[in-house]
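This is the structure I have questions about; it appears just below.
For clarity, chains are labelled A, B, C, D and E in written order, and residue numbers in each chain start from 1.
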Amino acid sequence: MIEAFLTNYNYFITIFLMSAGLYIVVARGNMVKKLVGVALFQSSVYLLYLSPAKILGGTPPILAEGFDVYANPLPHVLILTAIVVGVATLALGLALVVRINEAYGTIEEDEIFAEGEDLQNDAKTPRVEGEL
Amino acid sequence: MSTAALDASFNLIQQLPALQVVLPMLGSVITAMVRKGAIAWFVALAVSWSMPFVAVVLLHEVLVHGTISYAMGGWEPPLGIEYRVDAANAYVLVIVSLIGAVVMPYAKRVVDADIAQENQAWFYTMYLLCLCGLLGIVITGDAFNAFVFLEISSLATYAMIAMGRDRRALVAAYQYLIMGTVGATLYVIGVGILYVMTGTLNFADLVDRLQTVENQRPVLAALSFITVGLSLKVALFPLHKWLPNAYAYAPSMATVFLASTATKVAIYLLVRFYYSIYGPNIELSGYSAGLVLVVLSLLAMFISSFVACFQQNVERMLAYSSVAQIGYITLGISFGSKLGLTGGLVHLVNHAFMKGALFMCTGAIMLRLGSVKLDDLAGIGRRMPITMAAFTLAGLSLIGVPGTVGFVSKWYLARAAFDAGQGWLVFAIMASSLLAVVYIGRIIEVAYLREPNNITDEFAKDPPLSMMIPTGILVIACFYFGINAELTAVTAERAADAFFAYFGAAGQ
Amino acid sequence: MAETLINTILLTLLALTTIGVVRTRNLFSVVILAGIYSFLIASVMMVLDAVDVAMTEASVGAGISTVLLLSVLYLTKTHESVPIRTPLLPLFVAFGVGAMLIYGTVDLPPFGSAEQPINQHVGPDYLERSIPDTKVPNVVTTVLASYRGFDTLGETAVVFTAGIGVLMLLRRRKKKQDDEGGED
Amino acid sequence: MRLDVILRVITKLLLPFMVMFAFYVHFHGEFSPGGGFQAGVIIAAAVVFHALMFGLYPTQRMLPPWVVEMLVPLGVFIYVVVGIVTMMLGENFLGYNPLHPTKPYYGQERGIIWIEVGVLVTVASTMVAIFYAFAGRGRKP
Amino acid sequence: MMDLNGLLLFTILLPLVGALGMALFGRYPNIREGITLTTAIILLLQVINIYDYLMAGRAPEAGPFEVLPGLAIHFAVEPLGMLFALIASTLWIINSIYSIGYMRGNDESRQTQFYICFAVSLFGVMGIAFAANLFTLFLFYEVLTLATYPLVAHKANEEAKKGARLYLMLLLCTSMGLLLPAIVWTNALAGTMDFTPGGILEGNASPLVMTVLMVLFMFGIGKAALMPIHFWLPAAMVAPTPVSALLHAVAVVKAGVFTVVKVIVYIFGIDVLAANGAGDWLLYAAGFTVLVASLVAVRQDNLKKRLAYSTVSQLSYVILAAAILTPISAIGAALHIAAHAVSKITLFFAAGSIYTAAHKTEISQLNGIGWKMPITMTAFAVGAISMIGLPPTAGFLGKWFMLSSAVSADKWLAVWVIVLSTLLNTAYFLPIIYRAFLLKPDVTGDHGEAPLPILIAISATATGTVLLFLFPGVAFDLAERMVGR
């Protein structure tokens, strides 16, 4: 029983991290916090890919004499890409946050929508100046 | 090495699949290096105009010689990344690249108006990257590669939207970024589970190995993750929240381009998974997904159209109508029959035509009046006659008046509904298109039957030719393919066949 | 067994850090916790024999991301206010996804076994062919740069896109060119 | 102030080694963990380090923004060009074998080195550019 | 027969070409209206030309032009359509003359738009008349709907907008919500949509399905104004008189009943319906409409409103006749289409000329107006008599055939309906004539006759009403050919 639990421990933690990240994304109104949540959510996916690649008693996939059991390299590559994508998204998101902060003076979604800034109606709003 | 050797060794036709994606990427790099808006525009134009030729040749090759498989880096498929072109994605490639080609000439003026001087070149870079990403998603035969290009197009999209003239564009872009990233990540989770279960990422390979997987539960979970993830990108009904703001506040050019391509590509990928990859194990995907999809599509068709009727901002109105139209497409897909899928695919291209035209018109109005609020449109029917005429015609086709592409789509969907023994759906389809009458009618009435106000009097006049001609082309397409739908319909049928035949094609 | 043990411990720490991130409202501590989180996950990756990934995660997750986040906090504000909406929907979403994942993953192959499909089907081919094909012992590099080189091109393009995007949004303009955007 | 001086001196001494380490990580990537991406990040880190020590302006004098903005696309450009060259040589896109007339695996090695250079350039310059952008945002003119 | 196909296509497209011309010369009223008239005249000549070919047994045909596999635009000439085309093209000339007088007399705004939309509607009419399958019919049916919307909204004030909105929504809702599904269903059942004598549904659909389809069709064809979807007709009364004439006499409602007859004759097939009784309910629906509409008409004081309701009831005559399901009754229906066209247009012209000359809209204001506007009111009297159905006017023919067929088919309900409604017609037309000629004029306003073009037009139609009774040859011929005698 405990054995079965341990064998799937990685997956359980992965799932926990995902749920937590997603929770932050949906529940929090602070834009930076949201982005952190997204980052958590994404990085939890890394484990989902990497855990199966591990072979107990194996070594990293760098070929050398004396080793014959190597971890599966493919997931590593995929996750390398995923990490890069993640940080790229984060950077863009943060840039948006900075601009929003300059345009609205806040990074709390609640406040932005509270200040009559519902995206629905088309009340005339000052344009975003290039030099903000 | 000598040019003779080059000619000997370099076979263009063979390399087309790669070029389809590499050229836009190269173009984006060049536009980013020359920092002059005008030159960048020219580069983008050249690339965008070369794309349709590539796509059409590919489509022709496929229709004549069958599926093309292109091994990236020369590594045979399961090992390397494969570009697999069949009628289905060649069809979508043609749509996307054609729209890109039509949009480009239009872009010059609106970008000059919307985007700050020193950002224009970069804006075209973003556009080209977005194009590259979309084409990459469509053409690839590898689940993870699709994700990478999905991200390219998404990031470029966020940046483009954020360039909108209104500060709300920033918030819209941010919200889209969050939802889009979550969607993409969910997709990756799904792919990950699939990969763990089958050990491969190649579509064709997946099809084969999914047969051998005896424990189906994770596979189902994977499908549901992929569905939800992509639905976020498709803006399928309850997950459409990001779309109206994004379209309403993005720069006109971005709106035109995205409205007629982005969601389509996501739909293609979804269909690819449902029909091609899970298709053979249809007892999996067909179990209740069809029903769910029908319900969601109907909700989209009605609720979104209904909401559209109450919008004051015309671009928001059209955006909501886009959500509704996506409902039509998914409805066609949900029948699970060839006729339905064909209907969905036909509407894919038809909707691209009409929404493209409509948003081009609103873009022109935005250019002249700096606003697309309904009340500001009073009486422009006589101040911008050609623009509003185009708008009216495209609107008619959105309503689905016979003789327009909209009718062709509805006809297919209706026939598919009858063949699926669900005649009642026909009434639903027609009823929701009557809602389109309401919201298009509102605009027409204001534009033609109200007296123009002083702003309109002063500024409203038809946009330059460079914008009217592309609009005209799309409008003409709306009617030509409504009177003679042979081309679109037959191609769409072949595409539908291809979706179903993927399993068979996977072997060879 | 030792590997499993370390693995387990690290993962537990991860979970705890995450809880910290969720609960903290001071954004500085959130960022720091996120950095710790990245280091932990990097070390988990070490345990999982994904050295390249670990290196990248350490430099990117703990390095760049933290720097970016801190600079943004410097530009904006450091404390998060309490959201007004009820956390019911978020909880539902989170648990829904979690449940779906559990449903999907309990039947995944057991951890660390060599018999599962991914260690049978494509993966081994890379290990066998890397040397004869390319004479490069680091298989990750081979796959990254050659077998799936096109993914890497895409990845580079993503970085490129993000870079230009950020520049478009944040780069200061020369005073002389004023933007003509808007109504004309 | 003295502490400051010490820091700067140390930095000056340290930076070359950071860059060297970066290149080690890069070119040794075939035999040990690491590659263009990690190397790029390290180089970027070195620049950021410099900026933190000496302030943004000196760094930008050393490495002007427009250069960085040129380098960002350059990396991708190199990468794509490698692919196109392989096309010209009759192989598929990014098929490195023909890069060496006789021995395909040398071709592979060359190809890998070159595209890694591309990755390095883009990653490093992008990171620096982003850092510049954020840092430049701080000072209200 | 390439030349013949060319002829047919040219005839159908002619109004569109005219519309283009008007758009080009919109700035010069005289040229513009010259174009209108010439187009109308050429059109009539063309139609007569086609008529000769039809009589010579060489019915021209154009297409099919395939839109999709199994969905084609296809034109062919058949007697009923020929009749409709003849009526429409003839009345267009007269109506154009009248419009010129009217529009200039009340110097209306946006006249170019008016003439263009008018021409486009004629294009729609020609398409409907010569449609060879349901899809083509539907296509031009919608063209007609959309082209008439701007005409109804022409005055562009709130009332006009409201009326136009109701007009458009009602017609589109019915056509898209009921008619189109019916068409798709028919296609799904029969695999074809061509109009074929004897119908296409026999053997493909159970009586129940046929009944459902019948309901969809009959209420789907909103232009036929079968109660309770008749509201759009009174609502559309806000339009200028020439438009009302177009709606009531030339094009729209005619298109409606024409479609009804076509569907009953060529899709269901008279004999089939008579056999399985899928259409029996129609008799009651039509009868109900006839009587109720007449009753409502009696209680209207606004002249045009009264005429509108009279139209509703007269239309249901045609439907009633068709629903009797005997060849004779079908002939009666065809003849009544023609008769109602000429007489109703006369009545509307009269109303219009009263409005133009005296600016009066209510019946209670018309005391003694007959002596001030003798020509107008005489014409009005002729039209009214024809509507009541007394010789020597065209109205008599149609009613006669209906009555006799109803008797011979012993559909006594129909007989009673016709008799009763005739009385009601008398009840709402006679008082007007009585007021106009026998009551002494009230002092308000001193005015003479309407402008000359109006008078020409109105006398022309009035004479036509009588002539159609004296020489019904053409109409009769066509009607008989329709039922294949």
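Operating definition for what follows: contacts are C-beta pairs under 8 Å (C-beta built on N, C-alpha and C of every residue); 3 or more make two chains touch, one makes a residue touch a chain.
Remember, it's a predicted structure, so these values are computed and weren't measured experimentally.
Path length between chain A and chain D in the chain contact graph, taken as the least number of steps between touching chains: 1. In terms of the stated touch criterion, the partners common to chain A and chain B are C, D, listed by label. When C-beta pairs in contact are tallied for every pair of chains, the largest tally goes to A-C.
Using the mean of the Cα atoms as each chain's centre, the chain most removed from chain C is E. Taking the mean of C-alpha positions as each chain's centre, the chain lying farthest from the centre of chain B is E.
A comparison of C-alpha centroids places B closest to the centre of the full protein.
Distance between chain centres (mean CA atoms), chain C to chain D: 21 Å.
Rounded to whole angstrom, the centroid-to-centroid distance between chain A and chain E, based on C-alpha atoms, equals 68 Å. Centre-to-centre separation of chain B and chain E, using mean CA positions: 45 Å. Taking each chain's centre as the average of its CA atoms, chain B and chain D sit 36 Å apart. Chain A has residues 18, 22, 35, 48, 52, 60, 62, 75, 78, 80-81, 84-85, 88-89, 91-92, 94-99, 127, 130 in contact with two or more other chains. Residues of chain E in contact with two or more other chains: none.
Residue positions of chain B touching 2 or more other chains, listed in rising order: 25, 28-29, 32, 72-73, 75, 116, 125, 144, 148, 151, 155, 158-159, 162, 165, 189, 193, 195-196. Chain pairs recorded as touching, per the definition above, are A-B, A-C, A-D, B-C, B-D, B-E, C-D.
Against chain E, the residues of chain B that register as touching in their complex are 396, 400-403, 408, 410-412, 414-415, 418-419, 423, 426-427, 430-431, 433-434, 437-438, 441, 445, 448-449, 482-486, 489. Residues 25, 28-29, 32, 72-73, 75, 78-81, 112-119, 122-123, 125-126, 129, 132, 136, 144-145, 148-149, 151-152, 155-156, 158-159, 162-163, 165, 186, 189, 193, 195-200, 209, 215, 217-218, 220-222, 224-225, 367, 369-370, 459 of chain B touch chain C in their complex. Residues 31-33, 37, 123, 130, 133-134, 137 of chain D are the ones touching chain A in the complex. If you check the complex, the residues on chain A that touch chain C are 6-24, 26-30, 32-33, 35-36, 39-40, 43, 46-48, 50-64, 69-81, 83-92, 94-99, 101, 107-108, 110-111, 127, 129-131. Interface of chain E with chain B (complex): residues 65-69, 71, 73, 135, 138-139, 142-143, 146, 150, 153, 156, 161, 165, 168-169, 172-173, 176-177, 180-181, 184-185, 187-188.
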